[in-house]
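Two complexes follow with chain A in common, the first pairing it with chain B and the second with chain C.
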Partner chain A sequence: MAAPTTSFRKKVSTKILQIPGTRPSLHNNQLLISSGVPSFDSVIGGGIAVGTAILVEEDTYGSYGKLLLKYFIAEGIVCGHSSFLATADTKPDQIVKELPSAIVDDPGAVQDAQPSSSEADDSMKIAWRYQNMSKVQAAPVSTKFGHYFDLTKVMNPEVLAKTDMRQFYLPDEEIPDRHSNSIMNPAYQKLLQDIKSHIINKNFSTSSSKQPQQQRNILRIAIHSLGSPLWGEGEVNPDSYDPSLPRFLYGLRALLRSAFASCLITVPTYIFNDTAFTRRIENMCDTVVQLESFVGSERETNPVYKDYHGLFHILKIPRLNSLTCHMPDSLDLAFKLRRKKFTIEKLHLPPELSDTASRPQEDKDVVVKPKTVGCSTGSSKLDF
Partner chain B sequence: MLENIVSGREQSGSILIKDSVQQYGRGLLKALIIQVSNRVDQVHIFSFDPNADEKSQDLSGHLQANVQYHDCSSDPLGWEGTPDCYKLQQDFVLYAKESVKRVKDKKVLIVLDSLSPLLLHRVTPYTCQVVSRLKDQDVIGAESVQVMALLHEDLHDEPTSRLVEMVFSTVVTVLPPDRTNCYAVCDILHKKQSGKVMKSKERFSISPNFEIQDVEAVIILTKRKPEGASDTQADPAANLTFNLSLTDAEKEARSQLKLPYMHDDETKHGILQKGTAVHSKIFYQPDEADDFDEEDPDDDLDI
Partner chain C sequence: MFIDLNNILDIDEKQPPDRISISISSSQTDNGFLIHHFLSLYIRNGYNVCMVSFTQSFSHYNNVGQKLGVNITAARDNGTLIFIDGLKLINECLFASPGDSGGVEKNPFSFVSDPKPDLKNLYDHIKQTITSFSSHSTVPTLLLMDDLGILTDLGVPVLAVGDLMMYLRNFMTSAQTLRSGCLVSVVQADKDAADEEHELLLTRLAHNSDMMLHCKSLNSGYCKDVHGELLVTWLDPKQNYPFTSRAKRMQFKIMDKTVSFFAAGMSSAVL
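The block that comes next holds the complex of A and B.
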């Protein structure tokens, strides 16, 4: 069988591992895991790349940030991933108890299908050319990657008991006193050491040879409200600059790069006085998103935002193995929370910028600050 | 909202009352302690503000015997060496653990009467951690723990109070009454366990027996109506050059109307049927000169 062999060989991606709950990225072949919110995955380029850290800047009262954290862990449990949950205020047990249960089929698909069929019946009479246009799709369609979760139900305790989870509750850990010459806050140092030993002991490291390729699993690290006063941020003289948190993130990222692990960190950046400090933290993470909830702000009652619970800002998307990053269609995103679905959607269509469309400049203002045009109802508080 | 929190209908593990020199918040704190003390087994008041005796007299008539005062103000820096007095360099959580005893299967209310000395002598995160630890019933060893604290907001800068507010589930800011009446006003921010955040502004008064009365939500008027504006809304559909309110018959008539360039089913059908429609026919009569080929080399003619 002396077949003529050439040096030319078809490129075969041998590196891609088959781990449940993961898929390779379409852009750079990076292994991705779902964040637990399918629309969140799609806006950041398909999912969270394994080996990266994602930073969620919390909304003012932290409720939606905590929710994203729960989705992240719940998705890991459904996919059979290991997890590492670190908190300083709420006990990890409490968070685990509140994890939502997964919905097997997509609840949105059934609901969305019905109105569209009725819409098709009444054909357009005047603007008939638009009839054959595809429907505007606010929320992108999901594939079988990532799950929806029902917030009204909690996860089955039997499933929870089986999962491999390491919990880190700061007050229960033995934290040494702070030395003046220590490199960082002892709480962060302890957490970093724990993560490192967990990665090494449970063979999540890419260099570990003990684990056969087939039994690889993903470690999901979730850190809640990092940088809050309960983590001891700002314990040193408040006038001097404490570089602990950026240092911690630097070390964490270095650990993640050589491990089958991804990390989701929520940080209450609204409590930091120094915006430069926030920028430093953002710089130390791969993906950065910010939640801005409407609770308490005047936007809560603004009719433009009436369908949404807050704005979703994408601050940073990683450039992994390439010079460019994934660019979402629109950066004008908003989120809304329903019992069975947390969705991130395009806030509105981008403005018409083509030459043919000549619009007066005032149009933009009308959308943002709705002026009352005589058509409002009498009882409305918004009637200025 | 205030009533719900006072009566316990709205669960709140920790309540912060913020006051200022303009409006004294201790009255509301006392009223809350009296109300909550009916639902708990023990009340522990840690008084940091140096007028503890006066306070104990104030409350003694209204409370059951399960109240204990802990002196945290008479010797804050340990100069006199008073035993059982909290000194600011001590760990407060340890001190509280030692002070609050025999609480197994009991419901406990812990009152920190003014956080200000702690905040002024220790770094802000320390106070946040203390409150967060005290909220945890396992630290004290009780069945449930509720924490109440007073904060003199004007003694601290804004970032400090923002950090402190973060650890409390309910924040009540006491505001001076407005000029039209004598009720005190408070801003309430309540974070539910589910993550939902509720906000309201309410007015209230406190009776000599420390009962909270006359709670009423304050409706914030965004803008006063201009003078002489009539209450009845002007009908925007009046005086229009076109008709906005069509009757069913009129709508039916409108749908019958065929506009130019309208692309209804009939025209569509017409376009599709154009090829087969019998508009005209061509009759061809071959003459002698016509070269009629019998063959069909391409085999495509139907001869």
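The block that comes next holds the complex of A and C.
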């Protein structure tokens, strides 16, 4: 009965996680999700890695920071991801209502889908074998990576009703009073506990036993204006160092590392007087970007910036599982907001100084090779 | 392990230094490659390594190790590497409710949630870990602490962290103990932010080390092909007055599997 054993084995490709709206990074093979703004994804190296936190330092009036948060959630809804939205001032309901609607690249494809399905019922005469082929061709358009959103339209309420979203609105939560020996600000502690229990209950943890029929999904956590006084920051003795926010972010980082979740946090860092404190918060997050809007500044009228609405600073790009990180060509970036597009562009090109310079290397070409052709004396091109 | 770096630091590739305390600091740039260098250097030579990490999980070091040709998982499995996952352990403390202290008691990082932190537990834990190595081997031990700045960020006073490092240095490098060791500690101190506590901690570490490695970003700003500057300072071990020290300055570019070093301004991108 013993079958001849052979070392030959059919190559079974290792099962890569197939989660809609994700793709592996070309750089370090991390699973990435889109931020909802394709040009944002490209400047930070392809997208937001699953298991990391991205910090957006808000512009002075917070409007663009909030917009990025909306894009982040809207992208998740279009891709079918779960989300967790935490706010302290605007109600999460309000933010959800205002989510922009995705622009479908090819509106024709959606309309064509209906008639073709009815025609396909006709039995085929010639290429009859094709009858058994499945009718669905490609994955649905909506699961691709990164979308553009139309800010003039809001997202379809039916789609919103179907999505899995947990909302956390600080004034509605029961927050215990702060004890002198509590680990951190009770508002943060409650939020951290809620995120943890949500990750465990909904099986987003990497260690949770996965039922075979259950599809892995991504949890997108969005926290709006964390660190503002509404969250209770700076309430107790403003003179001494309050490690609540760094502790919260550190706890969050540890949670995310073992979960199929990514987190986008907007923080109004301009209200912190101490740059050292801002730097500590940045150290606790993986990716850090800063928005600097021109609104109210003299740059608004400066002709150099007439096409743009603000500057986009990349402060930190994570080094995940590798020595290097994504190195953008230039850090002089600016953003502009159009009706259907939020784009981040290079403000100007950097000086051409690189190993792979496109300029010709004159030095090498100048070397004159000794001519071996006998007739030539080398003095003239037409010398015989 | 980067051979160029060994040459710069005067380290014998086959015989990594022992009885030495090295501090790594960085300002507005990344010092991760130095940590991976020391980790792979000691593991490759079959030395014992005790690593305390506050910033990354084990898989990060393991994946980078694979690229550098060192199997860190194997080292952990055969007992030459003990990895203390500070990120995970501190997180357990942050989630512990005040009522139950049963699980947290054994946690060496339980001081994090304490208003008056006492780091003796952590010291004892590390000491115990390192003693467990020396019982079955006599090769030197590396103790690597990845980013002590995290401790101060979480609210542990600088004095306490400084004291811990002084005790650890005594333990690792003193002549009385039979084992010999090397202590590498990391702290991030950004020049522009003027974080007093981090600078204080760095000064404390400077007094406590024999060699200092400092990475900083370029004064001229961001460049795609030159990632920063490495400043190496050897401090006089006898601390004779006036203090004499020797220093070297190199620029570097980090690549996927290696790091290239060159004299300042000698990058192939600008020549």
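Side notes on the structure shown:
Just so we're on the same page, the second predicted complex is superposed on the first by the 292 of 384 C-alpha atoms of A that agree within 3 Å, B and C clash if a C-alpha of one lies under 4 Å from a C-alpha of the other, contacts with A are read in each partner's own complex, and residues count from 1 in each chain.
Here, a contact is a pair of C-beta atoms (placed from the backbone, for glycine too) under 8 Å apart; a residue touches a chain by one contact, two chains touch by 3 or more.
Owing to the predicted nature of the structure, the values given are computational and were not obtained by experimental measurement.
In the superposition on chain A, A:Lys346 makes contact with neither chain B nor chain C. When the two structures are aligned on the shared chain, A:His81 is found in touch with neither chain B nor chain C.
In the superposition on chain A, A:Asn273 contacts chain B only, with no contact to chain C.
By the touch criterion defined above, A:Asp89 lies against chain B but remains apart from chain C after alignment on the C-alpha atoms of chain A. Looking at the shared chain after the overlay, A:His326 reaches neither chain B nor chain C. Taking chain A as the reference chain, the count of touched residues is higher for C when chain B and chain C are set side by side. When the shared chain is aligned, no partner comes close enough to touch A:Arg220: not chain B, not chain C.
No residue of chain A lies in contact with both chain B in one complex and chain C in the other.
Within the complex formed with chain A, the residues of chain B that make contact are 123-126, 128-129, 132-133, 136, 139, 159, 162-163, 166-167, 189, 191, 195-197, 199, 222-223, 231-234, 236, 259, 262-264.
Residues 28, 179-184, 192-193, 196, 241, 243, 246-247, 250-251, 253-255, 257-258, 275-276, 278-280, 283-284, 319-325, 327-329, 331, 350, 353-355, 357 of chain A are the ones touching chain C in the complex. On chain C, the positions that touch chain A within their shared complex are 30, 32-33, 36, 57, 59-60, 63-64, 67, 87-88, 90-91, 93-95, 98, 112-113, 115, 149-150, 153-155, 188, 190, 192-198, 222-225, 227, 254-257, 259, 268-270. Those residues of chain A that touch chain B in the complex are listed here as 61, 63-64, 66-67, 88-89, 91, 125-126, 128-129, 171, 228-230, 232-236, 238, 268, 271, 273, 295-296, 374-375, 377-378, 381-382, 384.
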